[in-house]
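Take a look at these structures.
Two complexes are shown next, each including chain A; its partner changes from chain B in the first to chain C in the second.
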Partner chain A sequence: MQWTKKRKQTITLLAFVFPALLFYAVFMLAPAFGGIGYSLTDWNGLNPTYHWVGFANYTEALTDDPYFIKSIWFTLRFVAFMVVLQNALALLLAVFVESRGRSKVWFRTIFFMPNMISMIIGGFMWLFIFTKVLSYIAEHSGFGFLDQSWIGDPDFSFYAIIIVSLWGGVGFLMVIYIAAIQGVPQPLKEAAAIDGANTFQTFRNITLPMIYPALTIGIFLTLNSSFKAFDAVYALTGGGPGRATQVIALNIFEEAFSFNSRYGYASAKAMILFLIVFLITIVQLRFMKNREVEA
Partner chain B sequence: MSNPGTRAGERQLGRRVGSAFVFVILLIGAIFTLFPIYMGLLNSLKTEGNMLSNILSFPSRLEFGNYADAFEKTDFMRSLGNTLTVAAVGLAGIILFASMAGYKMSRTPGRVSGFLFGLFVLSMLIPFHSIMITLVKIAKELTVQGSTIGLGLMYIGLGVPMAIFLYHGFVKSIPRDLDEAAVVDGCGEIRLFFVVIFPLLLPVTATIAILNLLWMWNDFLFPLLMLTDSDSYTLLLSTNMLFGEYNNDWSAILASLVMAMLPVIVLYIVLQKYILNGIADGAIKG
Partner chain C sequence: MKKALYMSLVLVLMVSVISACSSKNNNETKPSAIASESESASASASASESASPSEVKADTPPQKVELKVFMSFPRFKDQFESYFAQFKAKELAGKNIDVTIKLEMPNPDQAKQILQTRLASNDAPDVFTLHAIADIPTYYKAGYLSDLSDQPFVPKVYESVRKTVTYDGKVVALPLESLSWGYLYNKKIFADLGITPPQTIDEMNAAIDKINAAKIKPFMLAFQESWIPQLMMALSLGGTVSSAHPDWIEKMNKGEASYKDVASVFDIIDLIMANGTSKPFEVGNEAGSTDFANGKAAMWVQGPWQAETILKVNPNMEFGVAPLPVSNDPAGAMINLATSTSLAVSPTSKNKEVALDLVNYVLDDKDSAPLFETLKFNPVATMHTYETFPWITEASSYVAKGKAYLDLSLPNGVTDETAKLLQSYYAKTVSKEEIIKTLDKTWAKAIKTQQ
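Let's turn to the complex of A and B:
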């Protein structure tokens, strides 16, 4: 009796889960595990047969592919800038917006707006700003320094990519930080004020430790999205000039779908990307979870 | 110096200066945020010549020709229809299948249930770029590549994990007594779910609908890989194509950019309270 009831329960469970599992298995699990398999072969788009090559693709990607290695360094630099700037700006805006009265809603609405827009659209609009508007402003005003080769010169296009990515991403984190700040118990802040703490001290010693869990999430989300950055770079520079601003995702995309259809080799690069993101986010979560305080 | 009145006065002055400083910073931030959108909108209403000679000024005469031009070149109605088809198929599947799975896994104790849930959560760390190559191959074999409905079906597979995660958590807040009472009343499993449970999931369903709609509407790389024929292009793909073909005709491009983002901006302004809450909920629980 007990056994049959349990069995019936399991069957109902499977029936409810089956449709989701089917789509998930076919379009997510199969390509994920298939990708691991193909990364060990010389599969390409031109030849229907392929052979096992072991870890040759991985060795080639990490030792013999200067563009890929360069794209890893470029991405790491981009991620480092984004983690610091995006979280600092989002936190600053969250604190400032929360301190406003009636204008709070307006600022929140405006700062979040770019998140509604695809980074492809946003990237093209910024391309217009960088290539047309800034040079116009420089020509017709004193701000001569604005007239740079923002897109054509890799030194500047790195910052162009950072600016556009911040524009698109800060508002999202700001909303998360605002929610966290609103969760800080008011009596704690009042107690600090009575003890003579100024605004900055209250923030440093009360608010910041209390919203530490949100900081963990914010940095996790930034790491995750910056390592996968694609749209903004694609729209702004297309990875150029040459391949100077190529991020890892763009390098994989070109390897597989633009240049030579080396699917097996590109799969190995895709696995390397996965491993980098996985390891760094695990380390980050471990490190930051350990430092969270109890309220 | 030791007069308490002056000190209080000083502090109040300091607070006011601080408040003004904060306001100025926020204002600069807001201008920076809106600047590209404003410039895009402004210059999409000028002729090319008018734009180049005076890029910052308000158009002397509103020029809607660019919109007519972009409307035609991007085949706007068809692109919009394609985007809506993809999003509708994906959204319907994600909500229906994820709510069923999330509810039942949340209600069933035991190892099977835990294993299945873990299996879904596992994938939330896998970047899309790591599966895309093999996914293209699978899509070709299943002949879902190249069709908008096929793309919508694939979005179901990619979208259910996060939706299941959110449903799984939300179901815990619905009392079990409800299920039991319904079963005592002779209600079957399927009716129980659709008639009693599903309506109660509405708040989290709204969050999931918003998050997924935005994702599918703004996603670029996945459609780029899957929709190879320009007849099935989504709005973003048509805009991208227009950019590639006429990359110096900025006024037409800007008009197409404005048209592609207008639907989401309108949606945002109408539903912003729900969207902002949904984002915060989704991110913190996800």
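Let's turn to the complex of A and C:
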């Protein structure tokens, strides 16, 4: 009796997730495994026939493709900046918004707003700001330093990309952190206040440890999304000038859809990207899960 | 079966990725077309044809044939629909065949990927468009093109254009859009300063000095999209190779030559970059057209396919097309002759006879000229005797003098690589020597992967 009931429950559950699972399998899992297969071929996306080349694509990507290696380093630098800045800013904003009284809702909405705009559109908006608005401001006010080639100079375009990505991503993390901060039990804070802790000490020793699970998620999300960064870079610089701001995803995209249309080779690169993201996030999750505390 | 399903799923995903991020294509006309309404197109086409057949023949019922036509021309939907309606009437009257044409016209940015998906999944359209220079070699090798050499349209096509659609000794496509291009110049500025289009680098230097003295920027630079700086190399390499190193491409393909042999191609590129407008990476194609139309620069290395955009900004703009000087030998200044969009027939077509009839009808002796005229295409064959735009006439006058060359057939990927490198070259992140080295390497690699 017990057994059949449990089984029934399992079947009901499966039936409920089945539609989602089906779409996930057909549109995510199948192509992903297909991609593994293609990464071992020299298919060009057009020929009816192709050859199995084993791991030649992988060795070529890692040993004989300076642009790919360069794009990995560029992406790592981008990820480092994004993980630190995005989380720090989101946390700051969350604390700031939480400290407001009735205007809380307004600030929350305003900071979250950019997240609702597609990054491609956001990118084009910022392109206008960087190319037209900033040089106009520089011309009509004293801020001469704003008049830079924000898109054309590789040194500046890196920061342009960081600024746009932060603008688009901070709001979402902020909402997560706000929720976490609201979940910190009030009695703990009161107890700390009675013990004579100041605001900073309360934050450092009470709030921060209590929102550690949210930090884990926040860092996980930023790691993930910044490794896969594509749309902001694509809209702003297109990886240019030349390949100065090319991220891995853009390198893969160009390998597959322009140049020699080497789909097989591009799939191999995509697999390498997947492995990098997979390894780093596993390490990160392990490391941070161990440090979480509960009230 | 399983494999086919599997593959098509993967491809569907790829296509959806592409449609999300529109790709840029080189060398091709960039129409400002919006997503096509192919469904409504075929719907209205079938509606119009269902009315006609019943009234013509009565004795034998007409043979029913369906043709799938794939074109990357959503901006010319109306023109082609009415042309195909004429074709249907002709087939019905002449051969008693009732043709249904399923016309598909996706956005040109995505068309190539959609077509490749179709071809790779054994669902080839009977007749489709492709890019003559960029696509013919790969498509031919994959076996997706029919040999059209013995078709009646072939002898009618101009010799110079026919060469661009001939591969491996066979005519494999029908040229639709042909281009003859050099750089654009502002006729008013040139006339005011008393300059005629220079034919050598020294003359170009003199012209630049005059234009600079008039406080006008000599060259428009719009480098945001990498295919535009690439045009400089296309012209400069084309002129240099065709005038001084005719066997260079062949030698490159064998691995016996290097870009070092034609290093002088950088002379004119350096000159243009040194005398151009500032902040070129922030100027795209549209912004560049606007600036050029407003007289912000005297010359722009850009093709006449930009005419529509320029005239939209400034309808009174007078510009000309001239060949770019590449050295002090005036013979090196040449117009580039290229064919972009062409029409091919699939070898797996079930109704190849009718498909061939349709392709031949595009260059019909009587009906073709009005079609090409409304499409504003350049004349490609003997029956195209209509009046052309002044800049096309100007370019054609150079062609008539023999100052023209056929677009060089570089291996896939080399053009894209050049485009990227020229952007970096302007940003001073690569040197001339590095460009030469990288291009040599890319060329060798492309030859290797093509085999």
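We adopt the following convention: the second predicted complex is superposed on the first by the 271 of 295 C-alpha atoms of A that agree within 3 Å, B and C clash if a C-alpha of one lies under 4 Å from a C-alpha of the other, contacts with A are read in each partner's own complex, and residues count from 1 in each chain.
What we mean here is this: a contact is a pair of C-beta atoms (placed from the backbone, for glycine too) under 8 Å apart; a residue touches a chain by one contact, two chains touch by 3 or more.
Keep in mind that this is a model prediction, so the values were computed, not measured.
*Asks:* Name the contact category of A:I217: first (chain B only), second (chain C only), both, or neither.
*Replies:* first
*Asks:* Determine, under the contact definition given at the top, whether A:W167 touches first (chain B), second (chain C), both, or neither.
*Replies:* First partner only, chain B.
*Asks:* In the superposed arrangement, does A:V26 touch chain B (first), chain C (second), both or neither?
*Replies:* Both partners, chain B and chain C.
*Asks:* Of the partners chain B and chain C, which touch A:V79 in the superposed model: first, second, both, neither?
*Replies:* A:V79 sits against neither chain B nor chain C.
*Asks:* Can A:F96 be said to touch chain B (first), chain C (second), both, or neither?
*Replies:* first
*Asks:* More residues of chain A are touched by which chain, chain B or chain C?
*Replies:* In the superposed model, B touches more residues of chain A.
*Asks:* Look at A:G34 in the shared chain and tell me whether it touches chain B only, chain C only, both, or neither; answer first, second, both or neither.
*Replies:* both
*Asks:* Scan A:N44 for contacts with chain B and chain C and give back first, second, both or neither.
*Replies:* In the superposition, A:N44 touches chain C alone.
*Asks:* In the superposed arrangement, which partner chain does A:A244 touch: chain B (first), chain C (second), both, or neither?
*Replies:* Second partner only, chain C.
*Asks:* Under the stated touch criterion, which partner chain does A:D231 make contact with: chain B (first), chain C (second), both, or neither?
*Replies:* After superposition on chain A, A:D231 lies in contact with both partners, chain B and chain C.
*Asks:* So which bits of chain A does chain B touch that chain C touches too?
*Replies:* Looking at chain A, the two contact sets intersect at 26-27, 30-31, 34-35, 38, 120, 230-231, 234, 253, 256-257.
*Asks:* Which part of chain B faces chain A closely enough to touch in the complex?
*Replies:* 18-19, 22-23, 25-26, 29-30, 32-37, 39-40, 43, 52, 55-56, 93, 96-98, 100-101, 103-105, 108, 110, 112-113, 116, 119-120, 123, 125-135, 137-138, 142, 153-154, 156-158, 160-161, 164, 189, 193, 214, 217-221, 225, 236, 239-240, 243, 250, 253-254, 257, 260-261, 264-265, 267-269, 272, 275-276, 279-280, 283-284
*Asks:* Under the stated contact criterion, what part of chain C meets chain A in this complex?
*Replies:* Chain C residues touching chain A: 6-7, 9-10, 13-14, 18, 21, 23-24, 113, 116, 119-120, 122, 138-139, 141-144, 223-226, 279-282, 412-413, 416-417, 420-427, 429-430, 445-446, 449.
*Asks:* Spell out the part of chain A that touches chain B in their complex, as residue ranges.
*Replies:* Chain A reaches chain B through residues 6, 9-10, 12-14, 16-17, 19-21, 23-32, 34-35, 38, 92-93, 96-97, 99-100, 103, 106-122, 124-126, 128-129, 132-133, 136-137, 167, 171-172, 175-176, 178-179, 199, 214, 217, 221, 227-228, 230-231, 234, 248-249, 252-253, 256-257, 263, 266-267, 270-271, 273-274, 277-278, 281.
*Asks:* So in the complex, which bits of chain A are touching chain C?
*Replies:* Contact set of chain A toward chain C: 26-27, 30-31, 34-35, 38, 42, 44-48, 120, 130-131, 149-154, 230-231, 234, 237-238, 240-244, 253-254, 256-262.
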